[in-house]
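There are two complexes below, and they share chain A, which is joined by chain B in the first and by chain C in the second.
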Partner chain A sequence: MTHRRSQNLVGYLFMLPYGAVFLTFIVLPFVVSLVLSFLEYDLTSRHPATFIGFRNFREALFEDRFFWKAVGATFQYVALMIPAQLVLAMLLALGMNAMTRGKQTVRALLFMPGLLSIAVTAILWQWFYNEEFGLFNHLLKLVHLPGVPWLSNLHVAMPSVVLMTLWWTVGGSAAVLLTGLQQIPAQITEAAALDGANGWRGFWMITLPMLKPVLLFMVVMNTIGGFQMFTQSLLLTTGGPEMATRGVVQLIYDTAFGDFRLGYGAAISWLLFIMIAGFSFLQFRIIRRFSE
Partner chain B sequence: MKTARSKIIWVIMVATALLFIAPLIVMALTSFKHESEVLNPEAIIPRHWTMSNFRYVLSYPEEAPFVRWLLNSVFVSTTVTLLVLVFSSMAAYAITRLRVPGGGRMLGVIVVTMMLPAQLFLVPVYLILSWFHWLDTAAALIVPATAGGFGVFMMCAFMKAIPRSIEEAALIDGCSPVGVFLHVNLPLSAPAMATLGIFTFIASWNDFINPLVFIDSARNYTLPLGIALYQGSYSTEYALTLTTSLLATLPLIVMFMFFQRQIIESMSSTGLKD
Partner chain C sequence: MGIKGSLLFLLLTSLGLAWVRSDRVVPGEKHVVELSYWNGFTGPDGRTMLQMVRQFNRENPDVQITMQRIAWATYYNKLMVAGIGGRGPEIFVMPSAMLPQMYRAGFIDEITDVYGPGGALKAQFDPKLIKIVDVGTDHEELIGLPLDVHAQGMYCNGAMLKEAGFVNADGSPRPPKNREEFLAAASAMRKDTDGDGQPDLWGFGYGQWDRNFMSLVPQFGGRLLDEKGEPVLDDPGDVQALQFLADLYLKYHLAPPPEAGVAGWVGFRQQKVGMVFDGVYMLGDLKRLEGHPYIGAPMPQIGPYPGTLADSHILCVRKGLPPDQRAGAEKLIRFISDHSIIWAEAGQIPARKDVRETEAFKKMQVQYAFSQQLDYVMYPPRTPLFGELNAQIVLAVESAIRGRATPIDALRQANRDYKRYLDRDRADNLVSSEVK
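This part shows the complex of A and B:
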């Protein structure tokens, strides 16, 4: 048994480095975040921690109109982003799949924007969107169209954020779907084509059902990511105009690191987490119902 | 008929691909323009090519020490990548090969925590870092970044697939468990480690939120944070910010050219991004 024991000792030693960071920066924060959400924890005051029960949650849900405004903006982003991402990625994937030459190159080029840091992406697009000397309005002027208030108009700002994010991420999604398309056995599509299911009909009857697991995964992952939208709007619009593009994560950021109310910020992150979990669960249920 | 259709698809797809990288080309071209030409764009291609932006950026200006930010980024990303590779492969070896007691359950917990959204950790990690007095240091960007479960999860999946017989032969030849790890397991795991390394490096290189929250003084910025905050305070100097953006992006583009397939395939099979 001594052999077993010495092997265990070696095993523990091998676990130690990762185990230590995992405990300190995953498990401990989880607990700290839970505790914080029940505290009034103000970094700027002298007596930071007071236990206040559910008051943070009550404040967010019933008193803080900025919370609901941020929830609204987040849902608007998700509602615009997910369908647009899905349709565009599907079109690009189908297009690439139908190519006989140059498929790999096109895939790589479409993927490239995703390599950029969000900071670089936002700076580039902030310039494109600039109303006076931006590229987009310059191009519009060339064809004698009026300029668009890309980032300053209440109704245009969020679509502008979405458009930039699409450019940044859609190539990755298209690559995922292309992988899915290539895994559909050729015999199945050929057999279906012989039975008259080709083109549009073949897409609906064969391709889409075969892609269902990939699509489900993608929609759920994109929705989870979408709920966490933050940096794009922070850098493009700083949440404006009139907080129209400030999502929940930016509200957390502003609350915790602008107002230094760590407890309230932690409570809002738990509310967002519950929202994300609930929404993903619902999506799983709905899509499973449809696929049966 | 068939070929005409595929030709049309080819043209559409190539045009779309060019449209997608057009912003990158515009960025590259603009960094060779004078500032005045950026603000009154008569043409996309610079009329008067200039290296002055690059010269300024690389001259270590006090209000925007780009070179310093570049070195910070290189240091942070390289360290994070190395640590993630070492920690994950060691933990995976302990779980899959040494069968450390409770290892399976631990892996289960790690996978569950991977599903927790990152924003949940932002506030508490900030607080913990402040307890350690690590805020505004490179440690704040390095150590928490090694705690994510993805690396262990991936290395476990890969090591499980390595046939045990090779290691058993080494053990019979008198090799210690540590020797087996170093001389058998690690070399055999090289492909998985390459993918994990590339993946970790890109994520760390591009990370914006953590530096934004954890770093305070300009000399400790990483490139993305430096670029964004510089742009915030000198909002009309597009030529300079785009030049830095180009320099910050070039290493990844070069890496992408070499490891294109691994990058796309690892990202599209895991669905993990940003």
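This part shows the complex of A and C:
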């Protein structure tokens, strides 16, 4: 065996464990879910799974009002979450970048909530949001303001879910942006400053364009994550009130593991996949054009 | 210790553990049947059930049970997947509402023998319950043994009732028994104690909306499905039941707004709500509160008929068990049923009449009061799509109570949605969705 061949073999051997896991837990479920989406496969049925073509997709798109309700909730979450996270993370990153002392401490403190699991975070925030004993309503009461029905009001519940998610994730996003800011060569900002591009103008003309690759990455990844919103609403509101916070992933979970309709659940999963792929593609196109 | 030493230690430990755990049968040693028993009793009732299982294990050294408690929220899908895959527990608990769906999946066995020779034990159960577990077509085939009947009823704050003037001659609080008394009591209990113009003590608080609604449905002669299994959620009786429930907040202002955290059970625990409709199983939660003056009572008769909702935990056995496991499973089921007075302590009404007639049971105030409704309780309808039906009911009740839809519109929408699920299910199964 030549040296080159043996090197290749070693490389493949190193890849083998991950490759096996990837094939088993990513590729195989991907293919199985595609097949399932064309089947009527109800775990409680005594009949075998039957091929029904696109009927599951038709049901979701044209007959199931709960599918569209879940799509609406998902879009509402994404529309609230992504801009809020970007703006807040950017402000925090700019603040930390400008700091001369204590930058590491602040970054660590901001990053800390992200170290908690989402389940712990949701349980913690359930108590913050508790209308009777919760921290937030207690603080409001101290300043003689009425309590807020954080999780049980139709119009407040989703913003409450977003607020919790922001607390949990914004530190990580700010850290990524801070790294991006630190990568901008000092001579560029100094040259711009000499030319009079200070403050807002410097941010708009220099900082933001230089951060575009990082921003593109963040927007796409956060959008994908936003479309997959599940645990926070499941634990905080169980999708209520009146299913106002039940996203598409929770609908998939309820359909497949509550109603045991695996075929229909798989079809909704593929519709979600198409939505995410479409949005990611659009974002790439828009931001690339913006970058040029 | 070097790497080789560590590996050797690990190997020996694993072998040792495997040897200890293995189900080997040594000649001359008595064979012990090991069985797994799943249920969703994760609250204080779980401790009571565990106590019963431990007692069984002590008294039956030839059968050893391992009990697994799983929260109801994930219990059904874990049981379903395990059951279909043939890896399910040998014994499990199934609420009667979910029994048709699980039975249709094909992993629940019939256990008619558990009822004894000639089915003698059947006489101890409400015939409506026996009908729920009977899936036979030409002859009786019972797929479970009812353990309890968890009826919905009314919890009252005795001190608030007394203050509202509802007192018996002996000085004990007197729960309201009909619509007029209920509204009068709730109205008298509602108070603004801090003078901010808003009530902070309420007469009534909504509990679980679907169950509150279903408890009132039989009182107005309503029903959820007709005799053919078709949904009739827009039945006039159902509409009247929902109208009353919504009026408690929207018209009479006796309940806190649906948004308010003081609503329902939490408010009742905090003694800010005087009356709630809830299940007998909530007693375990109240028992933990010191000094709470709660009492249990049957549901007040709001409509023209007495009525409430009840469900039952059914003890079931997995299909395809070898004879020794099957015998062990049946032994446990009979043991739990025979000792269901212990189970009653956890906040349940035993399904067996002979247990309910004991003096020990009659001394359990809340359980006994709730059990007075058993002659007229409504059990959930037999449908393999109960989850879907219940989800529609929750949505309808929620939107009506919030005033976002009239009761009739909300129930019509729920009826349409459930009908769609039912039609799809029937088409897919090419037969009636009815179990029998």
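Everything below uses one rule, namely that the second predicted complex is superposed on the first by the 270 of 292 C-alpha atoms of A that agree within 3 Å, B and C clash if a C-alpha of one lies under 4 Å from a C-alpha of the other, contacts with A are read in each partner's own complex, and residues count from 1 in each chain.
Just so it is clear, a residue touches a chain if its C-beta (ideal position, glycine included) is under 8 Å from a C-beta of that chain, and two chains touch if they have at least 3 such contacts.
No experiment lies behind these values; they were computed from the predicted model shown.
Visitor: Hey, is it chain B or chain C that touches more of chain A?
Guide: More residues of chain A are touched by B.
Visitor: Please work out whether A:G102 is in contact with chain B alone, chain C alone, both, or neither, and reply first, second, both or neither.
Guide: Touch partner of A:G102: chain B, not chain C.
Visitor: Once the structures are superposed on A, label A:L140 by its partner contacts, choosing first (chain B), second (chain C), both or neither.
Guide: neither
Visitor: Just checking: does A:M275 make contact with chain B only, chain C only, both, or neither of them? Give me first, second, both or neither.
Guide: neither
Visitor: Figure out whether A:G258 sits in contact with chain B (first) or chain C (second), or with both, or with neither.
Guide: In the superposition, A:G258 touches chain C alone.
Visitor: Just chain B (first), just chain C (second), both, or neither: which does A:L216 touch?
Guide: neither
Visitor: State whether A:H47 touches chain B only (first), chain C only (second), both chains, or neither.
Guide: second
Visitor: A:E131 contacts which: chain B (first), chain C (second), both, neither?
Guide: Once the two structures are laid over each other on A, A:E131 reaches chain C alone.
Visitor: Return the residues of chain A at which the contacts from chain B and from chain C coincide.
Guide: 257
Visitor: Across the complex, what residues on chain C touch chain A?
Guide: 76-77, 80-81, 84, 101-102, 104-106, 257-262, 266, 270, 384-385, 387-388, 395, 398-399, 402, 404, 417, 420, 424-425, 428-430
Visitor: List the residues on chain A that touch chain B in their complex, please.
Guide: 7-8, 10-12, 14-15, 17-19, 21-22, 24-30, 32-33, 36, 92, 95-96, 98-102, 104-120, 122-128, 133, 135, 138, 167, 169, 171-172, 175-176, 178-179, 217-218, 221, 224-225, 227-228, 230-231, 235, 249, 252-253, 256-257, 262, 265-266, 269-270, 272-273, 276
Visitor: Quick one: which bits of chain A touch chain C in the complex? Just the residue numbers, please.
Guide: On the chain A side, the touching residues are 40, 42-47, 50, 59, 63, 65, 130-132, 134, 137, 147, 149, 152-154, 240-243, 257-260.
Visitor: Please output the residues of chain B touching chain A within their complex, sorted ascending.
Guide: That would be residues 6, 9-10, 12-14, 16-18, 20-21, 23-24, 26-27, 38-41, 86-88, 90-91, 93-95, 98-101, 103, 106, 110, 113, 116-128, 143-144, 146-149, 152, 177-178, 181, 202, 205-209, 213, 223-225, 227-228, 231, 238, 241-242, 245, 248-249, 252-253, 256, 260, 263-265, 267-269, 271, 273-274 of chain B.
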